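Chain naming follows the written order as A, B, C and D, and within any one chain the residues start at number 1.
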Amino acid sequence: MADTHLQDPGLGEKYDGKTTRIINPDGTFNVVREGVGSKINNLYHFLLNVSWTQFVLVLIGGYIVANGLFAVLYLIAGIDGLAGVNDLDTTNDFLIAIFFSFQTFTTLGYGGLSPIATDINIIAGFQAMFGFMSFSIATGLLYGRFSKPSARIKYSKNILLAPYENGFALMFRIVNRRDNLLMDMSAKVLLATSRKVNGMYIRSYDQLNLAINKIDFFPLNWTIVHPIDEGSPLYGKSASEVIKLNPQVVVLIKGFDDSFSQEVHSRYSYTLKEIIFNAKFKPAYKVFEDGSTHININDIDAYTKLEGKVGDILKKESQKV
Amino acid sequence: MADTHLQDPGLGEKYDGKTTRIINPDGTFNVVREGVGSKINNLYHFLLNVSWTQFVLVLIGGYIVANGLFAVLYLIAGIDGLAGVNDLDTTNDFLIAIFFSFQTFTTLGYGGLSPIATDINIIAGFQAMFGFMSFSIATGLLYGRFSKPSARIKYSKNILLAPYENGFALMFRIVNRRDNLLMDMSAKVLLATSRKVNGMYIRSYDQLNLAINKIDFFPLNWTIVHPIDEGSPLYGKSASEVIKLNPQVVVLIKGFDDSFSQEVHSRYSYTLKEIIFNAKFKPAYKVFEDGSTHININDIDAYTKLEGKVGDILKKESQKV
Amino acid sequence: MADTHLQDPGLGEKYDGKTTRIINPDGTFNVVREGVGSKINNLYHFLLNVSWTQFVLVLIGGYIVANGLFAVLYLIAGIDGLAGVNDLDTTNDFLIAIFFSFQTFTTLGYGGLSPIATDINIIAGFQAMFGFMSFSIATGLLYGRFSKPSARIKYSKNILLAPYENGFALMFRIVNRRDNLLMDMSAKVLLATSRKVNGMYIRSYDQLNLAINKIDFFPLNWTIVHPIDEGSPLYGKSASEVIKLNPQVVVLIKGFDDSFSQEVHSRYSYTLKEIIFNAKFKPAYKVFEDGSTHININDIDAYTKLEGKVGDILKKESQKV
Amino acid sequence: MADTHLQDPGLGEKYDGKTTRIINPDGTFNVVREGVGSKINNLYHFLLNVSWTQFVLVLIGGYIVANGLFAVLYLIAGIDGLAGVNDLDTTNDFLIAIFFSFQTFTTLGYGGLSPIATDINIIAGFQAMFGFMSFSIATGLLYGRFSKPSARIKYSKNILLAPYENGFALMFRIVNRRDNLLMDMSAKVLLATSRKVNGMYIRSYDQLNLAINKIDFFPLNWTIVHPIDEGSPLYGKSASEVIKLNPQVVVLIKGFDDSFSQEVHSRYSYTLKEIIFNAKFKPAYKVFEDGSTHININDIDAYTKLEGKVGDILKKESQKV
């Protein structure tokens, strides 16, 4: 490994304990941030990022809870302040209160139930405002969820140590998981290694050279290749030497999302157990008879194990060169 | 053609079949992507990109279907749970149910029809919520459709091989199809050629030098010119040699949309049959008496065929130089 | 003037008539674009950019017209299809129809007027949908109007030929007209000159060197200075020579709007009659006793005429150097 | 201090009085801008930036005032133009008018109160429109408040003069206060000093070299370090010499907000009294047993005073080197 490492890319160099995966598969960092305070903006971000199922459940749940609370207010004010109560099939006061709450919250206001008491009129005036604002917030959230231009890049499950030109190379593949048009992609790949010094864990970073680090278009998959040549921090290392360094490959992808006209970023990290020694990716796209090209995004994971001893291939490879 | 081609710009180099046009006229790639899953976000993108006519039809159709489904629910609950049914002109239960559904979905709630049964009250409470959310989603879609800052660049129908300085040049013209102000335009033009090797189709890419590859302002048309000089992969080629390469000209335009304050991109590809040998574009703008400049965006297609044999002009041209 | 001009920055080089001001004071180009088609998106842009007064008038006018049209539909269907007509003070059928239309369009639905006929029920169901969508579109427009991050740069009315170091310089000032925080500003200034050749007007462009062409912060005014030294196309020219060239100074400002987190652009052009020979700008900001700095954005226009013959100062200046 | 300072970064060089802090802790400039006019857009920006408490108070207050004003209109028109008045519990005309106003503004329209007079019908038709538009504007504001991608960077309270390698360095720390993912951070640090010349205060600017001025990721804190070496304007200065210059450290941070896919900027300035001579930051993050890293954003302020005379350390340090 070269003596001069990269400067800290912001991931920290000194740790007082053994750390695990740097970047989680969802692109977040394995860092717990405290003292941030439970800001309303964080709630917004939470609702922006939960799954659609959870989001819909939160909406329906919130709707029921909010109507329940207002129903209690109407009960306290007394539902004899409502006209039309006797026309209903039910005589359950809470049900009546919640029906009136429904009709007010959504600004339906059929009038079958209609406020006659002053306190109910005032509560209803504010509930309708609150209801309108709630739907506004829900609108904003929905729009925010749809228009969030986050790149959904699928990374191949494994990073391969594959034959490349006269030697070997580290290779992984990425593909666009969404139908957005991504363009002007660029990749930056770091190798993080760590060793224990005086009870502290010192992490070092090296940037890995790539055969191609920019592409103009991204309709297919992109195989990102780090050739293990003299410039590589892995050059001349045996597999066991590599394993001792506890390496992680940190990937940073940038691109331009043409559907949203915005720059998008994506992160990933591969740990040691995701490295496959001596394997080769299978082609991920093929041409049909009509001249169109077909790609299945799940095919980017597929690889073939190659023959030969898995052992010290890096070493051998370096000697070969 | 130069021996060293460009690295793959992300469009693939090896194909197991003969491919057709790389970029469709609407800017999408001729690639079918599978395994993406029918995500809700893709539905959003679909509705963002369909024509206005289709969009309005989807809205109206969705509105009728949603009201029909809720009408069925009301029928199941029994429309005797509604007050005011007898005041209507019609005695058709489904019509009555759909009228009540209309009035609930839109939060109209006249009250001429008013829920008295518990089940109808509950269904109505959720329909009103569902209605409000539907209109929220429609609002988001409408806003998204309007505010999508996609460049609508019109490309001249043909790419011309036209006289230029002492030789020839490939020329095409672009113009802004919308009234947005575009600025800081830049162009990148690639030549994709393909040949069959061992049953595989190998595609190569070369970047074409441009006389001007950046302009600050874009109120008029822009003629993009690739002079066929020593630096050109087409230099010294006869027309028949060019045709054998099955060339495609891939165009990538970037700019800044001042109306939306966002970067915008546009793509296009010209295939062999869109190349006109030995022709010249007609001027696309003229000055009126009041000193204002007038441009008709459809005029950028207009060209004049030049005299002379169409044959080996590239060859001749090269020899001339 | 240097023999080698700048390449065409996209504003055209050959004109078949005499042109006037290149960029209008509102930042649009003096170009009439035809064949664009009256797209719905252009209507959106129109409504995004009209003044607030016009916008509000369009909204109110549209609201009245839409309600009027639906009122006509209700009249055709027959207002005897409405319950509650006799409770109203008026017996004017059109007024009754428009009141019902108001109550339906806004989804008010008091129920004082309530649809009993089938045709009225159906029309009302769609009017309520149409009404909701209209308000959605208005919401989108309002949000679009507010969130459009267009830089509102105020340019000093005049560009001065002012003393600068040992010679002279062209100077104009800009200031941020809005309370947005602008940062990372950069300026590009072109000189467009034109001359008549064979009945055509040939326009040439030169980029003017600036003493400072980037600033990090922009809370105050920024004086943009082009020193007329050997590198300037105006160097050694007499005032009458300059006037003969029919010069225009085209300004392009870019910056980062920190309130919207977006890049913003601004354009302006100064024509000959806005050049003041031999004058000096007055300071535009001052410090108050509490240590705060005050700037009035209208003060950036203020200048003082200097003594001395206005005549051939450029020439003299050049000779001095 | 070097003789050649930086060019004015847009903060002004000549002042007619003694100025205070350049950038306020909230990132705004200490500049009062006049003549901007009380534009509707500025109101929008105000409402976008006030605290949530103030925002909610403005919404509720505006809602009450608007309803009160329409209530007055209904009183003027005469509430005998309303049907259903006698069903209410109250006989207070203003209360009745405001209840009707509530029900109209929110498009509730129960119908318990229903307009029968022509003038009330017309006022109500426009109030409902006005109400709908008001909620639209509130929706836009809410969405704008949530989606404003402003970086909330927390700066350490103090800037330390801390030991660094063989000498000293100025150090401060920043951390992301929100849960947004920030990436591609870069820092620019200026030193502003001022002296009095002929009654004017002349401010000069120097850019401070940083040990690291870019990081790729920002999940933890970032310590920004200016080593005081030969290239530093503080090199060889005694503490008293530094104090005489009335220095301010102006910080400009840029980054990419991955949650909003937008570039974000942040500003800060440290004045003399925030400099701590001879101190050292405490570590701000630690690793837990499960391998996760924990950071409390408030810990970035913590430092330890070092032993030794505080006096002329800069001088001493320079002599040491």
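Simple rule for what comes next: contacts are C-beta pairs under 8 Å (C-beta built on N, C-alpha and C of every residue); 3 or more make two chains touch, one makes a residue touch a chain.
None of the values given here were measured: they were computed from a predicted structure.
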Report summary line: At minimum, the number of touching-chain hops separating chain A from chain D is 1
Query raised in the report: So which chains are sitting against chain B and chain C at once?
Result: A, D
Report summary line: Superposing the Cα trace of chain C on that of its twin chain D calls for a rotation in degrees, to the nearest 5, of 90
Query - Rounded Å distance between chain A and chain B, as computed from the means of their C-alpha atoms - result: 28
**Report entry** Mean-CA-position distance for chain D and chain B (Å)
**Finding:** 39
Report summary line: Within chain D, the set of residues that touch 2 or more other chains is 103, 107-111, 139, 143, 262-263
Requested in this report: Can you check the complex and tell me which residues of chain D touch chain C?
Outcome: 7-12, 14-20, 27-36, 39-42, 44-45, 48, 81, 83, 103-104, 107-111, 113-118, 121, 124-125, 128-129, 131-133, 136-137, 139-140, 143-144, 148-150, 188, 190, 201, 252, 257, 260, 262-265, 267
Query raised in the report: Can you name the residues of chain C that touch chain D in the complex?
Result: 52, 59-60, 63, 67, 84, 87-90, 95, 98-99, 102-103, 106-112, 135, 138-139, 142-143, 146-147, 176-181, 183-185, 212, 215-220, 222, 256, 258-259, 261-263, 283, 285-299
Query raised in the report: Touching chain B in the complex: which residues of chain D?
Result: 107, 109-111
